[in-house]
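Once you scroll down, you'll see the structures, which are given as structure tokens.
You will see subunit A twice below: alongside subunit B first, and alongside subunit C after that.
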Partner chain A sequence: MDSRIMIVDDETMIREAVKILLQSEGLDIIAASGGEECLDRLRAGFRGVILMDIMMPVMDGWDTIRRIVEQGLYEGNIVVMLTAMDAPGEKMEGLQEYVTDYVTKPFDTNSLLDSLHYYLSLLPTDGDRL
Partner chain B sequence: MKQTKPDNCVSADRLAAGLAEIHSLLARISQGDTSLRVDVTAEVDSFGDLKILCNQLADHIQKLNEDAHEMAIGLCEHYDTLNRIALGDFQACAAENSQNELVAKLGELINKESAALTGAISRVQLAEAEKQSQLNFLQTLIDTIPSPIFFKDLNYRYLGCNKAFETYLGFSREQIVGKTLDELWPAELADRYRLQDRALFENPGSQALETPIRYADGTLRDVICNKATFFGSDGSLGGLVGVILDITERKRAEEALVFQNILLSTQQEASIDGILVVDENARILSFNRRFVEIMGIPSQLLETREDEPVLKYVTDRMREPKKFLEKVKYLYQNRQMSCRDEISLCDGKILDRYTVPLLGDEGRYYGRLWSFRDITERKAAEDQARHAYQQLLDIVEFLPDATFVVDKGKRVIAWNRAIEDMTGLKKEDVVGQGDQVYSIPFYGERRPILIDLIDEDPDVVDSNYTNVRRDGRSLLAETHVPSLCNGRDRYLWGIATPLFDKQGNQVGGIESIRDITEHRLAEQERSRLEAQLHHARMMESFMVRLGHDLKTPLTPLFALLPLVRERVTDPDLKNMLDICCKNTVSIKELTDKTRMLVTLYSDIRPYELETVSLYSVVQECLDECSGGMNSKKISCHNEIDPAISVLAAPAQLHELFTNLILNAARYSHENGRVRIVAEECHDTVTVAVIDDGIGLAPQHLESIFDEFFKVDESRHDLEASGLGLSICKRIVQNHHGRIWAESAGLGKGTSIFCAFDRKFKGIQKSEKEMAAHG
Partner chain C sequence: MTAPNIVMIGVSTGGPLALRRLFDGLPPLNAAFVIVLHIPPGMDYRIVLSLAAVSAMPVSLAEDGDYLRSGQIYLAPGGFHLRLEGNSRIILEEGPRVNFVQPSVDLAMKSLLKPLRRKRIVGVVLTGMGRDGAEGIRHIKEIGGVTIAQDRETSAIYGMPKAASETGAVDYVFPPEKISRKLVELLSSNKE
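Right, the complex of A and B next:
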């Protein structure tokens, strides 16, 4: 089954926790440890819901979104930002339109799952992609 | 055959023969044969007479010849005598006894004339000798004359010259005399001289021509050639005499004089001063245009060259004519005196008058020079400067900073009121004094201070005085004075600047001293506060980071603990996992609250403010908190007039009332009652959250707003972070409001009041912040 969810976070614990949580719900998920790996996955054809951590070393969440957009990889994806901060920083200016939702860490499991189910339903089906 | 002739024929023949004889006789007599005689017989009577006549003629001629001979001999002798006399033999005498009376007479006459001639010749010889002597004398005389002299006859031929002329031409007199112009001069000069000479001959008299000439030695001289005609003893024009006067030196002297005159007159004219020069008789010798301009004297008055009318004219223009005139007369009487003073004219001009006598080497008085300089503008400028100086002193006097001014010699010339107050030293004790008197009140001794460094070499100052800063020509320094005047420990800031006149000459210096002790203390306080602020910001940053870092590990716990709990069937494990979940939530809330409190330490900007209905926001909070309320069956009453609103940051207001309501509920009893009321009074809106819970001891009324305050320190109430009321206090303070608690005592409920000022419009960004944000 093709993964339709990608968690992008430099924290292994969080990536693993989210993977366990979603897999327990029967959702397939792939993980990327940073922005560059996320871009690689997108170039490889991933399309779906991206759970993007904001604070990451080297390339943070906003830089990653900018690159996604610049490289024409945004189409067909829904981006949900994961943040430990309440307020988005100045770097987000001009990029908010590419973010569908914000989920604050530590997130409530149920509400996260609800959200993910909802956003997955919004994604085009494989037939649509054709 | 012989023919017989008739009578008439015989007579003719005889007549012819007689005529032929007479003819022959006459021919022979005429040829000098005076001795011939003929027979006077004649065939014809008439011929006899004729023959007699011929003979008589021959006799006469013979006699004549003899007389002629006699006379010739006598004449020869006389000729000889005359020749001898002519050759100077005045002793020669002629024979007076000649046969010939005429010759004898002639001899007598010759002897007589000879005697007379001898006397005459002696006189002539004497005269000639005299004349020659005179000529020699004249030649010697003119030879001694250094100027070339020459004589020419009417044919332009040189008759004579002197040695100077020989030198001039480079020829000897012998080579000159008798030569014409053409023989001595190049054609061009000869023509020119001939023209000049001819003009003189045509108009006899004298002629003077100035011309440059070149001497034989090659030197070029300026000369005046004076020529004059001379006349012979008979009154006829004899020629000309010329004298060449070398005026080269005179010309040079004249040119030098002309140059000196031009120089003097130019200097005089170029002078900005009016100049008048008078001679010893007070007659005007010279004046310049500036003098005329300054005095406004009509030119015709000056043309008279009389000083008196000029003096009168000038005197009439003086503001103090009598004094002026007296001074002039005094100076004319005291010829050796020089004088300089100022005189004022009626038209407002002020003149600097300077006069000196014109004295020769031996003190001879030649006159007096008067110089007048218009100093009206300078005087006005001086007045202005004086006025400005006084103004400066006035300004210095009232400067708020302690200020003093020194002149070039470092004598104090101004000591203002502020420095009197600072030092206790009165200006009358300082002004006019030097020798670093100004340092005494600061250091208790005379020593260099900042104002003394303005004259120092900048490099020396920069290397020796590290606390001295340079700003252009000014020096600035801060210093600590442990015992200012009356022993006060002060921090002083000073600035010293050199003072310059218009010409850029340093004329002194000024130093201002400011007591910055309070400023320094305030600065220290500010530094301390800034350090605190920096620390707070560091803390904020730290707390934000901590919040993030706490939330990160909480995330897996939040995600996985509920999952684990669902999969666990053992009730005890479930309970344990519940405890874990509960603690995780507590950590999250504590983290959230801490972070909230930190982020509230920033001003509310005007754009964040909105008019918020108090009733509405309280009602929202009540709805959200209803879960907690219901568990304790607490009744909650929103009694706020819906019309009351405040200008506030909505999110903060929401947080405020959420915290207050939760706090009231937390400390209320089961079935308790919480009321939220509000009232408006002038510009203040006061809201109160009133519970009937456990109440507060008086000593806790204020400390409940402190961070992590808990009434019972030993009790670890996981549900209470201890930050709720601190957050409330911060939010109210952010709105420039006031928060306080009231309680009738323990068990008697608590009321938390929040008063909002309606005038609060938010905090504008500081300039520093605006600059930081571009």
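Right, the complex of A and C next:
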């Protein structure tokens, strides 16, 4: 099965915890340890729901989304911020259209799973006009 | 064409889920609903399908030149600004981003005119980053409309509802389900 969820987080513990949680629900997930790896995954053809951390070294979550959009890699994806930051701050300006949801850590697992199932249902399928 | 009652909803991040909560269980009402959601082109029609699955009212992607019909939900497409002409006709247009976004809630809400007697306008601002919609809500209040903002607890990001509330022009602050009940109250007692 192709993975349709990607967690982008520099913290190994978070990546692994989310992977275990989603895999226990039968969801297939891949992980990226930073923005550059996320972009590589998208260039390689990943399309799906991206769970994006904000505070990451080298390239933070906002800069990663900017590059995703600039490089024409956004279409077919849904981006959900998964972050410890209570408020997004000014760096999000101009990215509103590309950020579908904002979930703060620690998160309620049932609520996150419900949201993910919903966002997966919003993704384009092969029969769509995208 | 006679302008109907209008409910204009501005929303951004966290919006797809908030809109589902608002429209799930909402009965058909005597108003045209216009949703301005910050969304890129290509994703908009997926939201239409998602809302149509839970809404008792038909949902469509707004098209340039559409005349508003009562009991219909219109979603502004991504990549355009939406405004209303004479509170009845949808105009889609390109142009610079407003408040860093396109479509802009402020631009859409500020295109509303003071309604004719016995017609009602309701402005709603739901979850989202930034402050788009605050000036629109102020405008709707000034032309005699009713204004509602989502509460902090249920907002994925309490940016737009907070900015709207801080204008002092918001009548009610509610979670989505309570916004639905208020809409029923406002628009069931105002028959054409």
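Note that in this section the second predicted complex is superposed on the first by the 125 of 130 C-alpha atoms of A that agree within 3 Å, B and C clash if a C-alpha of one lies under 4 Å from a C-alpha of the other, contacts with A are read in each partner's own complex, and residues count from 1 in each chain.
Definition applied: contacts are C-beta pairs under 8 Å (C-beta built on N, C-alpha and C of every residue); 3 or more make two chains touch, one makes a residue touch a chain.
It should be emphasised that the depicted structure is a prediction, and the values quoted were computed from it without experimental measurement.
J.: Have a look at where A:Gly45 lands relative to subunit B and subunit C in the superposition and call it first, second, both or neither.
T.: Neither partner.
J.: Quick check for you: in the superposed arrangement, does A:Ile14 touch first (subunit B), second (subunit C), both or neither?
T.: A:Ile14 sits against subunit B, while subunit C stays out of touch.
J.: Report for A:Ala84: first if it touches subunit B alone, second if subunit C alone, otherwise both or neither.
T.: The first partner, subunit B, only.
J.: Report for A:Pro124: first if it touches subunit B alone, second if subunit C alone, otherwise both or neither.
T.: second
J.: May I ask you to decide whether A:Ser24 touches subunit B, subunit C, both, or neither, giving the answer as first, second, both or neither?
T.: After superposing on A, A:Ser24 lies in contact with subunit B but is clear of subunit C.
J.: One more residue to check, A:Phe107. First (subunit B), second (subunit C), both or neither?
T.: first
J.: Just subunit B (first), just subunit C (second), both, or neither: which does A:Met92 touch?
T.: After superposing on A, A:Met92 lies in contact with subunit C but is clear of subunit B.
J.: Based on the superposed arrangement, let me know which partner A:Glu75 touches: subunit B (first), subunit C (second), both, or neither?
T.: second
J.: Return the residues of subunit A at which the contacts from subunit B and from subunit C coincide.
T.: Residues common to the subunit A contacts of subunit C and of subunit B are 87, listed in rising order.
J.: Taking the touch rule as given, give the residues of subunit B at its contact with subunit A in the complex, in rising order.
T.: Residues in contact with subunit A: 544, 547-549, 551-560, 562-563, 584, 588, 595, 599.
J.: For the complex, which residues does subunit A have touching subunit B?
T.: Residues of subunit A touching subunit B: 11, 13-14, 16-18, 20-21, 24, 55, 84-87, 104-110, 112.
J.: What residues on subunit C touch subunit A, complex-wise?
T.: 12-17, 20, 38-40, 42-43, 46-47, 50, 78, 97, 100-102, 128-130, 132, 156-157, 159
J.: Using the touch definition from the top, list the residues of subunit A that touch subunit C in their complex.
T.: 74-76, 78, 81, 87-88, 92-103, 115, 118-119, 121-124, 130
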